[in-house]
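Letters A, B, C, D and E mark the chains in the order given here, with residues in each chain numbered from 1 onward.
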Amino acid sequence: SGEGGEGGSGGYPRDETLYTVGTSWGPPVNWNPIMRGQYAVGTMGLAYEPLFHYDAEEGDYVPWLAESDEWPAEDTHVITLRDGMTWSDGEPIVAQDVVTTLEIGQLDVSYSNIWNFIEDVEATDDLEVTVTFSDTRPQEWMNWAYSHGIVPDHIWGEKSQEEITDDTNSDPVGSGPYLYETHADDRMVWKRNDDWWGTEALGLEMKPTYIVDIVVESNEASMNLVRSGDVDISNNFLPGIDQVIDGEEITSYYDGPPFMQSANTAWLVLNHEHEALGDVEFRRALAHAINMDQIVEGPYSNLVEAASPTGLLPQWDDFIDHDLVEAQGYSYNPDEAVAILEEAGYMDENGDGYVETPDGEPISLTLEVPSGWTDWMESASVIADNAQDVGINIEATYPDFNLLVDNRNDGDFDMVVNNERQLSNTPWTYYDYLFQLPLRDQQTTVNFGRYENEEAWDLVQELATVPADDTEGAAEITSRIQEIQLAELPAIPLWYNGLWSQQNNSVWTNWPSESGYHGYAAMWDGWFEIGAIHTLAEIELAE
Amino acid sequence: MLELSHVHKVYRVGAFGGARLRAVRDVSLTVEPGEVVSLIGESGSGKSTIGKMVLGLTGVSSGSIVFEGKDVSRIRGFSAKKEYYRRVQGVFQDPFSSFNPIFKADRVFAMIRSSYFPGVSDADWKQKVLDVIGTVRLDPDNVLNKYPHQLSGGQLQRLLIARALLLDIRLLVADEIISMLDASTRIDVLNLLGDLKERGLGILFVTHDLSLGNYVSDKSVILRKGAIAEMGPTRRVFENPLHPYSRHLLSCVPQLHRTWAEVDAELAANPPEDVALPTVEEGDDSAPLTEAEEGHFVGIDQR
Amino acid sequence: MWRYMGRKLGFYGLTFVIAVTINWMIPRFMPGDPVRSMLNRASISDPEALERMTTYYNEVFGLDTPLHQQYFAFWAGLFRGDLGVSVWLYPEPVTDIILRHVPYTLGLLIPAIVLSWIVGNHFGAFAARGKVLDNTLLPVGYVLTATPYMWMALLLLWALGVMGGFFPTAGGYGFALTPSWSWPFFLNLVTHWFLPFLSMFIVGLGGWAIGMRNMIIYELEADYSNYLQALGAPRRLIRRYAFRNAMLPQITGLAVQLGTIIAGALLTEIVFTYPGLGTLILRSLNNNDLFLLQGIFLFVVIGVLIANFIIDIIYVLVDPRTRVQMTGGSS
Amino acid sequence: MSNIPGAPGAVDPATAPEPVGERKVSETLHFARRNPKLLIGSGIVLGLLLLGLIGPLFVTEGPNVYIGPQSQPPSSEYWMGTTSFGQDIWAQFVHGLRSTFITGALGGGIAFVVGTTVGFVAGYKGGLVDEILNMLTNVVLVLPALVVLIVAVAYLDVRGLVVQALFIGLTSWPWAARAVRSQALSLATRDYVDLARLSGRRTWRIITTEIAPNMSSYLVMSFILLFGGAVLIAAGLDFIGLGPTGGVSLGLMLESAVQWSALQLGMWWWFIPPGAAITLLVGSMYILNVGLDEVFNPKLREL
Amino acid sequence: MTLRVNDLKVYYQTLRGDVHALDGVNFDLADGEIMGLAGESGCGKTTLGKSLIRLDGRMRHVGGTIELDGKNVPIADDRAMSPFRYHEISLIPQYAMSALNPTRKIGRMINELLRSRGVRPATVAKELNRRLELVGLDPDVLHRFPLELSGGMKQRVVMVMATLLNPSLLIADEATSALDVSTQRSVVESMVEFRDRGYVKSMIFVTHDISLVYQMADTVMVMYAGRIAEKAPASTIINDPQHPYTKMLIGALPEVGTTTADTRLEGIPGTPPGLLKPPTGCRFKDRCPIASEECSETPPLVEIDPGHWAACWKTGR
């Protein structure tokens, strides 16, 4: 490559530096861990850390800043911090930091909804925090606890709402394994914190001295960089990467399809306020009409897998009721779709090739995906074609992303594709996403389809109260939820979006793989906390 | 019939109309039926501008132009203009650019017909056209159904006059109609003007050539820098030029039988008597005339 | 002369006011709400919090006052160099973001324009030398100008970057480097700059060559050329005069073409992910940061106006005709 | 992208357009038939047009349908190969060509109509009207079209071919207006224009029947340049993702080729043809224009 | 004898064939002679002027010879002509208004021209200033751009420039037609002055204005349709023309003092023939009131009086 001889030119030594790309889509401008979705890559995970991590492989919570925790009563959670940890400015990490972090949630920030169920938080000791709940929801609480970073009280304690939302926190004082080094419009550079508490406490030794995360917003540029070895790992969707992965120099988790681990589910969200879409039979017919293989093989060239009818990620296999799926699931079957439609009275009376409602009203639906999201655009047009093949008139449209979001939040749409929920500690996040009630004028994060089923929502709430480590108890509830889900099809799971991760092994090797170490090689927000941080310790220099 | 009184024309020149150019300054003159009035002057003296104003092709800055009792500069509206053109027509300097090169030459007749004689039958119209072509002494076979480039300048110029004659015109503005023609043909066109005069037409004849102005006109107006330097019956003006500028002009005209030297010698031998020229204040735009002898006026002296 | 400049400045001022007004109007009268799109990304589920934040951001972006106040506030901000706050990179000021990218665009544009103009003009003058040259070089020139900027960029990127591996394929400088005043850094900068520059240079070249060829043919037909020939002046002298005189309209051509060239630079940058304004435009589009987009628009307009003014001044300095007309020479 | 410097026809706005009489027509044909630039240029343009017109009739499936194996290089079955999803690039190509012609014709057409109207009115009316229109023209001319378009189009939620063409048309007319204006300005001083006014013709008829036909070759050339410019601008817009939503065009093909890593995967058959077609189309239009110029402009004719 | 033109034929090539613009032109020009060249438009005056200095791309030398000061002038050979141009034969074009490079100061342009013709500007600088003053120009004009001068001034500058190397022959093609009468007079008078001072040996003054020719020329040559009709001393042409064409032409000119009321002048009926396929015989015969049988033969140009040449069967002795 043209970058050849620049190692010695005052840059970062190549063999001490990990180059990453594909996570940030804009210049790093913000290191404020409270402002979810806006901060630079690594702000959460490399600089700020949560109380717990979650091991998605094992389904366990891993104490992180916390050393231990216990539930002395159903509505009380006592968390003890590790001793001897310090912030990067040298101040000790104490219980008050946790209290302050939680209390920031009383302002208008993204996690302010935890105060719906938290009653009080108190530093009962230098290192001990006691949280009491007005409404105990361990699954939801633990979700917060592992996904939100703790910030130092001595810096954040006195900040007002405005200071918190508008602060770029350009000199982040965190607890994590890396320190802010520098940034430019197209890169974010982290330097290893050699005093990190975890080296000793967790036995984790971070390999790269520097992590340079590069901002490149086009996947083709990213592809060039991985192929040339200018970067070590790319975390964006690279169309055609299947032709490039050779298992030697360029690797991903699997050597063959689907190449990537699954990261989240893409759902076909249906607007239940629409006459036909509100009819479960119609939905069922639609579900049968979609040829997922065509999407998987076409736009994705086998880089993704078709989703289970439950939509739960493979990592949540324990929560899937396989017998139920066997009995009640569906698969691509256009004839079946036609039959279902016919039986339910959806027929093409006017001869335009498309079915009408039983009342004879013509049906014409649009499937919206954001303009410019090319893989989705392609997929949407496949879905529309599939549906048209069984007589359902669906047209794929590609509005601007914001318009789509507005429409979606307002309930002003027929169908959209959405994948906002990631892999997490609990399928509760998915069910919360599907069934949350009550409906509001604006559905900004969940239940875009405005599906109303009190029974299902009660079950979801019940799931939230299951102790975090009670997998079986949870599985029992998820099975009951799935029964409703498969009968009702509130939304149709389409495919599992991959944890896009492709690595060039010429400098760093020993990346997570099917045959090797089972972890996640991703710089994505939220993934360090479910195991990706370990990857930084696992990788090794190539010969 | 036509009376210009204290006509001014100011052009705005330069982008944003920054500068002003006084092309015509306080011009007053009359044209009577059956009278040929020559407007004589060097390039840029405002001759064409006067012609254009009379024809309503450009506006008048101040003063009035009255034709048969109506103020021409106040004619508003398309149909009023059209009526005016029934009475007043013009012929321009360049016969070749007076015809749209992509159409046949006799289209100028058809335009008159469609505007003014929509009701006339084909046969009547044909007769009318043949009549006027006869009047201008052209052979219809030679000129009809031809493209402009197939005709000579003289023919074209005569066609234009014929075109004007299709209408019942009272006044013809002839702007340098012969300056582009060859010596051998220009005289025919000039003679034609003489014929028209006989028919009672008033003619405003614009020229820079003194001998030509002299040949046809009853009254001559010598213009300088937009203002009248001298005006009077042609013979008087030429035999007894009163304004120094007119004298200078006459001395420079190449004459066929007298050389410049002879002319200069003559002038030196019997120097013309000087007349008192009218004067104006600095910054005054008017250009008054003094009547030196009957009907013979001199204007201000502009340096 | 000063009056002329004053008038020109007046015109540019007016253009600027119109551009600003249009720019101000677009987000306010077209569909789409920037604040909402910003909140959409923040994934706030609590409806009350959402409402409070909407109010807050409306205030931040100055969308809460009556329209005319917004308009004046916009102007006032403009004079303070304040183009508002980016939605995408909230809370960074738009001006700061743009200023970081401008040097790259200028660094690409100015050499590309100047060099393609100079080389193109000589090339064109050379082509006008004879029929054979004319008939072979001319079509090449036309094909070059007809090439969409991004396609030329793609071809070069593919051939010399991806396939050949001679040049880096993205970015403004190597990712291993931190900007410094050192030779290695400078060289690195140049290797990244070269392909985008080359592609703009090549496309630009064709246009100027053709323009020059047409102008010079026209000048060689002019009366003064004819007269010089009649007086037996050698072709060299005549060509020199013709070239110089043909150059002058090419200067104005530069002003006319500026918009196109800038558009070309933006597209080229996008192909090479070169961190200039073009890439920034694409990013602000993809992230729906309409405030940033507006800011870039204003910047480009100001740049174009300044460039036009400079070209005007240059033109006045080199063409005696305009100079004389302006001082009101006698004629 | 609206014009190329010193584009043919823009060379010399002062040269009077040639008249086209009968003789001229045959002469023009004579030169036209002998002008390789004209012949080659129009040959390619017509060929591409034909391809865009009838090509889509011969591809059975829509341009975006997955019909074949993925990422195939050109073969006898898929003439231009397939995309990474197995779309037939040939089908996309012919459909894209068609919409490129539509955008060009529509965008160029709108720009042409606006530009010539503004140009004619400004040039013919002169005075204040001219100054205001001229100012407007210059303002639009100075603003960089693509950037204006990006900002404007970015606010549109759903974009179509027609809207795109409309926007392009509304931003790319000024240089045509300027050129037409200067031509009209010189033609409006022709005597036959004045003569038409004296014949009682209305303004718009004078513009359409006296002035416009005399610059028809010039107008044709302007349209061609506007067409080419519109195609290039449209391709630019398409390329940055502001193209018509859900359509096919050569620009969109380029965009998707880039987005789907055709460069990195060496799928040259995906990004070479659309760019080459645009270049070829616009380039041959320019060459055609030089040819036209050489045919119509007597100064450039060669025996 | 300065110039001897012998049976000169120059054609224009056009699509529809050759235009016989000069079809056998013979004349002599004596030292110190100013010859006015008159005739109707299109008769070949400009062509003749141009042939003597530079044929443009479409002109073709078909036949005939030109001798200047005893040397053959190779008009068909552009390269061989070069030494003659400016040094021997010079030109004041009709388009003097645009004959100067608009972007060069006049002085600089003259210097560059001189240098390119192998003359050191310094050697003629004094002469240049003197001549400028002679024609009434401040030498300061050399520091100005052409745009800053009026038409008459430019005309004079071109005149000075064209004659700076004292050519044997100066061709002035309609050099004063665009000027106002008073300017015209002063320019014409300076031309005569130049001849008198010997700056130019002889001069061909092309014009369509016969009265102007009378003011300055020693001899007048009248052309008709690519041929010479008559050549004679100026006063003879005006007062005693012999060729019927000349007679009619003179007869058609009004004079200051004549009016329609006194005399009615008559033009020449008809139009000159096209030169694409010129008629055989005398080209004027179709318009000639005294044409007869013999006119279908081409009349030779004969000297009917000393210094008076005419091409007409009727005038021959």
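The criterion applied here is as follows: a contact is a pair of C-beta atoms (placed from the backbone, for glycine too) under 8 Å apart; a residue touches a chain by one contact, two chains touch by 3 or more.
What you are looking at is a predicted structure, and each value in this text was computed from that prediction instead of being measured.
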| item | value |
| --- | --- |
| Both-way neighbours, i.e. chains that touch chain D and touch chain A | C |
| Pair joined by more contacting C-beta pairs (A-C or B-D) | A-C |
| Approximate Å spacing (C-alpha centroids) for the pair chain C, chain E | 55 |
| CA centroid of chain C to CA centroid of chain D, Å | 22 |
| Chain A and chain B, separation of their C-alpha mean positions in angstrom | 90 |
| Mean-CA-position distance for chain E and chain B (Å) | 32 |
| Residues of chain E engaged with two or more neighbouring chains | none |
| Touching two or more other chains - residue numbers and ranges from chain B | 15-16 |
| Residues of chain C touching at least two other chains | 31-32, 162, 282, 286 |
| Chain C to chain E touching residues, read off their complex | 222-224, 226-234, 236-237, 241, 244-245, 248, 319-321, 324-325, 329-331 |
| Of all residues in chain E, those that touch chain C in their complex | 53-54, 56, 81-87, 90-91, 93, 95, 98-105, 112-113, 116-117, 144-145, 147-150, 162 |
| Chain B residues within the chain E interface of the complex | 42-43, 152, 154, 182-188, 190-191, 194, 208, 210-212, 214-217, 234-235, 238, 248-250, 252-257, 259-260 |
| In the complex with chain C, residue positions of chain A that touch it | 1-3, 6-7, 9-12, 14, 17, 19, 25-27, 29-30, 35-38, 108-110, 112-113, 162, 165-166, 168, 182, 184-187, 212, 214, 216-218, 221, 224-225, 228, 230-231, 372, 400-403, 405-406, 409, 420, 440-442, 444-446 |
| Chain A-touching residues of chain D, taken from the complex the two chains share | 64-66, 70-71, 84-86, 156-158, 241, 245-246, 256, 258-261, 263-265 |
